[in-house]
Amino acid sequence: MSYLLRRIGFYLFTAWAAITINFFIPRAIPGDPVQSMVNRAQGQIDSNAIHSLYVLFGMDTDQSIFSQYFEYLGQLLRGDLGLSFTFFPTPVSEVLGDSLPWTIALVGLTTIVSFVLGTGLGVLVGWRRGGWADLVLPVTTFLSSIPYFWLGLIAITLFAGDGGAFPSSGGYDPGVTPSFTWDFISSAVLHSVLPAVTILITSMSGWIMSMRNMMVTVSQEDYITVAHAKGLSERRVMVSYAARNALLPNVSGFAMSLGLIVGGTLLMEIVFSYPGVGYELFQALGAKDYPLMQGIFLVITLSVLVANLLADVAYLALDPRTRREG
Amino acid sequence: GGGSSAAKTPSNGVLTIGMPNGPQTNNSNPFLESSAGASLGYRRVIFEPLVMTNVVKPTDPGKPWLATKWEWSDNFKKVAITIRDGVTFSDGQKMTADDVAYTFQLLKDKSALNINSIPFGDIAASGNQVTLIFPKSQYVNQNKILNTPVVPKHIWSKMKDPTTDPVKNPVGTGPYTLKTFTPQTVTLVRRDGYWQAPPKVTELRYTSYTDNNAQTTALANGSAEWSFVFIPNYKAVYTNKDPQHFKLWFPSVLAVHGLWLNTERKPFDNPVLRRAMNMAINREDVVQQGEAGYFYPKVDSITGIPTPAGEPYIADAFKGKNATVDVAGAKALLTGNGFTYNGDKLVDPSGKPVTITLSDPAGWSDYQTDLEIIKDNLSQIGIEAKVDKANEDAWTTNVETGNFQGVLHWTNNGYTPYDMYQNMMDGTLYKPVGTGGVSGNYGRFKNQQATDAIARYADATDDAGRKAALDQVQQIMVDQMPVIPLMAANAGGEYSTRHWVGWPDEQNPYAPAQPTLINALDILLHLQPAA
Amino acid sequence: MTAELDAPASGTTDDSDVVLEAEGVSKHFPVRRTGRDVVKRTTHHVHAVDDVSFALRRGHVTAMVGESGSGKSTVARVMAQLHRQTAGTIRLHGEPVDVRGGRRFRAYCRAVQMVFQDPFASLNPIHTVRYHLTRALRIHGNAGRTRAEREAALEDLLASVQLTPARNYLDKFPHELSGGQRQRVAIARALAADPEVLLADEPVSMLDVSIRLGVLNLLRDLKDRLRLAILYITHDIASARYFADDIQVMYAGQVVEGGDSETVTQSPAHPYTRLLVESAPDPDRLTGRTDAPEDSAQGEPPSLISPPSGCRFHPRCPFAMDRCSVASPPRLEVGDQPGHWAACWLFDTPSVEAAS
Amino acid sequence: MAVPAADVAAAVPVEEPAGKRRQAFRFLATGKAITGLVIIGVLVVLSVIGEWIAPYDPSARSSDLLEGPSGRHWLGTTHLGQDILSQLLVGTRSVMVVGLVSGLVATILAVVIGVTSGYLSGLGGEGLSAVSNVFLVIPALPLIVIIASIVPEVSTLGIALIIGCTSWAWGARVLRAQTLSLRRRDYVEAARATGESTWRIIGVEILPNLTAVIASSFVGTVIFAVLSEITLAFIGVSGGAEWNWGTILFWAQSQQALDQGAWWWFVPAGLAIAILGTSLSLVNFGIDEFVNPRLRTGGRMRAGFTPVVRGGDR
Amino acid sequence: MSEPVLEIKNLSVDYGMGPDAVQAVRDVSLTLHRGEVLGLAGESGSGKSTLAYGMTRLLPPPGVVSGGEVVYHPQDGAPVDILGLNRPQLRKLRWSEISIVFQGAMNSLNPVHKVVTQLCDVIKAHDKRSTPASRRARAAELMKLVGINTDRLDSYPHQLSGGMRQRVMIAMALALEPSVVIMDEPTTALDVVMQRQILTQLAELRERLGFAVLFITHDLSLLVELSDRIAIMYGGRIVEEANARQLYREPLHPYSLGLLKSFPALRGERRELTGIPGSPPDLRAMPSGCAFHPRCPRAFEPCADRDPVLAAPEDKTRSVACWLHVPGAGRTAENSTSSTTARS
């Protein structure tokens, strides 16, 4: 248990450091939210509006960056993430509330499916070394080296263009309202097929590779030979002896990738116009929407940390060697 | 596909509108540019202006809307507005002069909402009349004032802080009310009790696409029927998909996009060089290749005033004088004024070869293309140009502080050329290179005559005075060329006539075609179901 | 009378020969605290070595035997000052040493060198034999001033561990050498410091039967030629008999018996030593009939975190008496040979007499 | 009684010391790694000579607007009539420079921080490890975007440095773990017992043993850096004045090349990236196989049932 | 002597295939009789493990059995050649007839499963009708058999000491009451006290259950004490095979002698230790003739040229492969016939 306690202390420190960095670094960018807004409008916002925008965003007062920082920390402790500039005056928490479920549903599910499928395939490929299984590797290597946005755009052209079977953008049909109706769910699912498949294609090979390597390593352990010597069925040896042990290192990788769900999908969401956090972050970066950026970074930081904590716990649960009595 | 098939089928009374602005948050505050209402444009069909004006025909008188009559005192320091009778808000409450006065008072009190920085003085309502008094002439701002959307006092006065209220249930006098809001799609439905003949479109569906590509795709497959988006090679990608119905119309308005030169940097402080550069640039190529031939219409007049919108304002001396490519002329001009050629390299009078760095943010692909073309053009007269694909934030700061040689940039926009000229040349905006916080005159143009003439135009009490002032400004523009105007800003849009007809176009320019301007409402009122 | 002996056990040689001695040395390793400990503010320690005293003499091999985990390596590391002792003193030529890195540590290294247990792990796989030896010579200033002197020093070194001709070995990487050759290189490296004491931690246990002998003979030869004091650590009591002058037996972090090697192996006194000797494979005890003595001890080695009270062997000891679980036995003279002692109450003459 | 030393010597094959070279980079000698290295080599050559063998100036406009592949333009042209093959060739350099420079920068940082924090116990080590964990937590791409915005002039080299300075944390973590496992190795202790200084132990005893891990982390960073650079260019955050494959894709995308049917504008650059990525991955696999020899594919064999090949081809 | 239970005939095992194959076990013949302990000794790398794994076909890639026969004689029924079995047949035979105890018990037990699970696994695999309760009961019985308290059933391997793990492995090996147990250095990693405990237990169990043991170690002194017969391997071949006592008293092969002279004795006279000079042969470059001749102090003229054949020199109970014991060696050049084990 002390192990967990120490981890938690460590996580708290990391969280604080990350939050601090997330506060200061964006503010070092030249320019400010107002100018970005004017720039984005490319003439549609009058230069006379600049002053009123400064007033609107509360940026007309001279407040030292440190007092802002402590104010921000105070806000955070109260659970207040501030108001987004891009969507002024919508609270950051609301922006996140709108986008987070999409990301988590699509990417979360895809990550899990990718892990399960990739690991499963990796088990097979690692177990049946030589023969057809080895052909999987070059193919997956190639697929995983393709830049994601490129694959996504090609997929859109091929499958979502004229007469294509899939919609090219968005999270659901413009016509339907999010609710627990068949219409909405089917449309959401349909919209998620292409993004999901492209993510699967590029991310699965990582799991296949690492699982395969672990399988190969583990299948030369003595206890596997013993399991064969015991006359256990091939399946049992593969699953209960080899895969069960090979899985352990992959678990922490999986937790890591769960943590990256929120931050790692920027490109997918840009390419597929998916209404998730990644796209929001991209916008916030461009708009210098400090509160939104901080909010999203906070979510990312927390999810990575929580995922790591989960990985630690999972390791404790899965590997009896790390469990301690007493 | 699923997404398109639903939208492709004609839906009864529904019009689908798209904007490439990404997911929205539930915010219909009409005064905030950051709201979904502004970004998608639906605030225009909920909140109505006092007067409907048309940027495409800036000299046309405005259409009475919530105001039936408005009278400016001679020096444009006072306006008396008569409010229309029988107008109700969508919650059933009558709209009165009180509401109008409240709206102006709100702008006066909250400078955060006073986006046009109008200097309001006294605001008084009596009967159906509202009187506004200003400390100085509002000639150049008159339409901006009259375009103010009217909000219901009984609701807004109860808000804790109207500047930070997302107005999730917008109540206005317009013919539509908000039905549902999702970050991706906003649906509005037609309401009963609208004060004039109701529009035929019973439901508006605003979809926010993440980027231009998604928006273009939606237009091309018919799932969006009306939009405002830049489409490269629009024929191949858009109109050819259904040439009969897919249309676009991008009329120019009184603002330009041009090559701003830093007039304090040698050798670009020399107006001769600026004029010669102007002569070398091939506007046709810029517009055709960079702006896809339509997005920003070409500016022909050497005064920089976009036509046809600004036609009436062009000084007689310059009427019909168009900028043309004249490399030989440019060279002659240069060599006649102390410039020399070393081989084919241009050398300035002080003996230094002329080079220029043209800079714009890397992500602005049309501007980048334009710059590539300009670079090519400038090499014709021996100027070696370099295109810098800058980082947007750094670029913004550089433009602000005058730390650049040449950038493509826009000007302000208005109902007279005043806004654009003031933006380019007003000496009162001048700040030395290195100092930021400027809102115009990025090129650091310092010319007292121009400054005076601009001020005279705004304050003049009669048309003759204004014309004289504007003529002088144009003369200075042509002589000094602080900005090389290339193309006009637009107020256009892409639309489909498959289900709805009656859109504005070249022949019938009753309104700009852009779905986010106040005229959107006017257009909706013009739309008829296709036969 | 309790014949308590002063450490170290006196041998035949006089005390001026003592080079390095340990007196009451203990080494405790803190172990990871559990959540409950954090609350209770207690810490646990592995009592890897407790109150160990002995001396190493010039030209003398002292063997240290004991089962795995009894603390033999820890003793060696403490003696080499790779670990700092928790308690006790280490004396070099009678001077207590207290070195913490830096120049004084180097000076200490020059006198006391260690050879590690595993010849496959103790040479850096990426460096050549030449590198290993040159560094060791350089650090201790034995490399000479010129290249030729250095080469000569290298050749001498390799010759002293019988790796000749030197040029065949100098530029080899460890993986190109056999286990025995590697161990010789490791010994050569230790000799490069021109030490007085060699701490050899199981120098042959990783080696094959046929190679072991070569290394052991080499050590013995070095002892004779260079008058080195050698601590030979092993768990193979037979090799200790063969190779060492005297033997210290360790059990659970303590030395439980000491004496000259022939005596300890042929007439072991402490019950644990007896168990050890009886357990060793013996070809003369033929074919399956492992007529193990009835009194042979069973059970597991004790926990070093909370070692048994009194004599640490008492839970397994067939001769355990009441007092064994209460009081820790001191060193008691066995009486058969001079210098043979055991930490066992059985040899507390008055009490044994009283019991009989 | 002693074993005659001469016998021992005679039994080992004597090799000439001259033939012995330090084989620190043996790990690149596996089949996969060689394939990868050859491809990378070709790309490196292209990145040097690309400028000269490119048929056109990549920025030069021509009147062949948006033409498909032809004899004149093997990979077609852009909307400005620029030759895409030339852009691809000239763009190779920037990609390779960013990959190498940021790989180097990140690897050096990772080594310094990872190894030091692994070897030093106590506060110093823990602090460094905490720093790298903080960098791990902050999402890399957004961080790069932000830092790229802070720096006024982003040249190719600037991008490379930024990517390098933000992507060392993973390598540092791996190296720290490795160092932790190495620092208790006998040969490290032995070096200490010989009297070596701490810095010499880190630099000479530990570091070289991490070569393969370092190389693998280098290759990993290069892949990451190349993809990051291309992504940055693609989303229009950085362009620099120089061509790279990401810029090509940026132009293709902003001109909606695929919608216009101009696949030749979009496809080759993506494939080039994939090929570079694949070759780097191959090198990495090679290193993996070196570090873990069990991974070497040993033909069509499976554990548990040793094949019986009676009268085999011997 | 009793009937054979396992006969290895001319077994050869290679690592790899084709031109760069390494032959680690060369033409080995060996017979294990019912109920006996056959010791197999030899220095590291002599091919002991390869032989054990090869004959049970458990050798991991790139190992290949390249020739010979391994005949198992069931209690009742016809002899089977293990090398000719297909997977299911082999799987059925394994453990129920021939079980194996490997060197590293820590590595032989799956670290993530409880001891009881692993014990029950093997029962379940061979007895489909057993119930979980019956399996657990049997597991408890087995644990008692090797002297471990049954409350350790639910422990994970890492919670047990090395000696306990080794005993669990022995218990597992006996779970199905096989007739042959192969033990590859089962006690090398343990210290002498623990080793003694386990060997004592093994001897008791064998007396009770009557299985035959092939015991592999390089500790000859241990084997002499423990086994009935001893075979000595060198360079992938059996160089000598004899009754344990005979071998200890009177080793015939110089290599066996060398091995015996490498061990210091704990008791009795301090005897002369000579050891074996030189180092083991390189499998890729085997010396011609007798593989031991470069290290052999008594090598003479035929040794470098011709391979000696394992044959009985004077009586029928032992055999040796050495020219010293071939009458008239140096003249005969007859080594084409394959070697045969002297069998009773």
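In order of appearance the chains are A, B, C, D and E, and numbering begins at 1 in each one.
Quick note on the criterion: contacts are C-beta pairs under 8 Å (C-beta built on N, C-alpha and C of every residue); 3 or more make two chains touch, one makes a residue touch a chain.
According to UniProt, the chain labels map to these proteins: A, D = Peptide/nickel transport system permease protein; C, E = Peptide/nickel transport system ATP-binding protein.
Keep in mind it's a predicted model, so treat the numbers as computed, not measured.
*Asks:* Identify the chains in contact with subunit D as well as subunit E, in label order.
*Replies:* Touching subunit D as well as subunit E, we find A, C.
*Asks:* Going by the touch criterion stated earlier, list every chain that contacts subunit B and also contacts subunit D.
*Replies:* Looking at subunit D and subunit B together, the chains touching each of them are A.
*Asks:* Starting at subunit C, figure out the least number of steps needed to reach subunit D through touching chains.
*Replies:* Graph distance in the chain contact network comes out at 1.
*Asks:* What chain lies farthest away from subunit C once each centre is taken as the mean of the Cα atoms?
*Replies:* Most distant chain from subunit C: B.
*Asks:* Using the touch rule stated at the top, which two chains are linked by the largest number of C-beta contacts?
*Replies:* Top-ranked chain pair by contact count is A-B.
*Asks:* What is the chain whose Cα centroid lies farthest from the Cα centroid of subunit E?
*Replies:* Relative to subunit E, the chain with the farthest C-alpha centre is B.
*Asks:* Taking each chain's centre as its mean C-alpha position, how far apart are subunit A and subunit B in Å?
*Replies:* Spacing between the chain centres: roughly 39 Å.
*Asks:* Please tell me the distance, in whole Å, between the geometric centres of subunit A and subunit C computed from their C-alpha atoms.
*Replies:* Going by mean C-alpha positions, subunit A sits 56 Å from subunit C.
*Asks:* Where the centres are mean C-alpha positions, what is the separation of subunit C from subunit E, in Å?
*Replies:* 34
*Asks:* Roughly how far is subunit B from subunit C, centre to centre by C-alpha average, rounded to an integer in Å?
*Replies:* Once rounded, the distance between the two centres reads 90 Å.
*Asks:* Quick check on subunit D: which residues sit in contact with 2+ other chains?
*Replies:* Correct list: 1, 3, 8, 12, 149, 152, 235, 253, 259, 298-299, 301-305.
*Asks:* Which parts of subunit B, given as residue numbers and ranges, touch two or more other chains?
*Replies:* Each of 217, 220, 361, 392-394, 397 in subunit B touches at least two other chains.
*Asks:* Among all residues of subunit C, which ones touch two or more of the remaining chains?
*Replies:* 178, 180, 213-214
*Asks:* Can you list the subunit E residues touching subunit A in their complex?
*Replies:* Those in contact with subunit A are residues 53, 56, 58, 60, 87, 90-96, 99-100, 102-104, 107-114, 121-122, 125-126, 156, 158-159, 172.
*Asks:* Using the touch rule from the top, collect the residues of subunit E that touch subunit D in their complex.
*Replies:* 14, 17-18, 21, 53-54, 57-67, 83-84, 87, 90, 272-275, 277-279, 282, 294-295
*Asks:* Write out the stretch or stretches of subunit A touching subunit E in their complex.
*Replies:* 220-223, 225-234, 236, 240-241, 244-245, 248, 318-321, 325
*Asks:* Taking the touch rule as given, give the residues of subunit D at its contact with subunit E in the complex, in rising order.
*Replies:* Residues 1, 3-4, 7-8, 10-13, 298-299, 301-314 of subunit D touch subunit E in their complex.
*Asks:* Where on subunit B does subunit D make contact in their complex?
*Replies:* 212-213, 216-217, 220, 231-233, 236-237, 289, 361-366, 368-369, 372-373, 376, 386-394, 397-398
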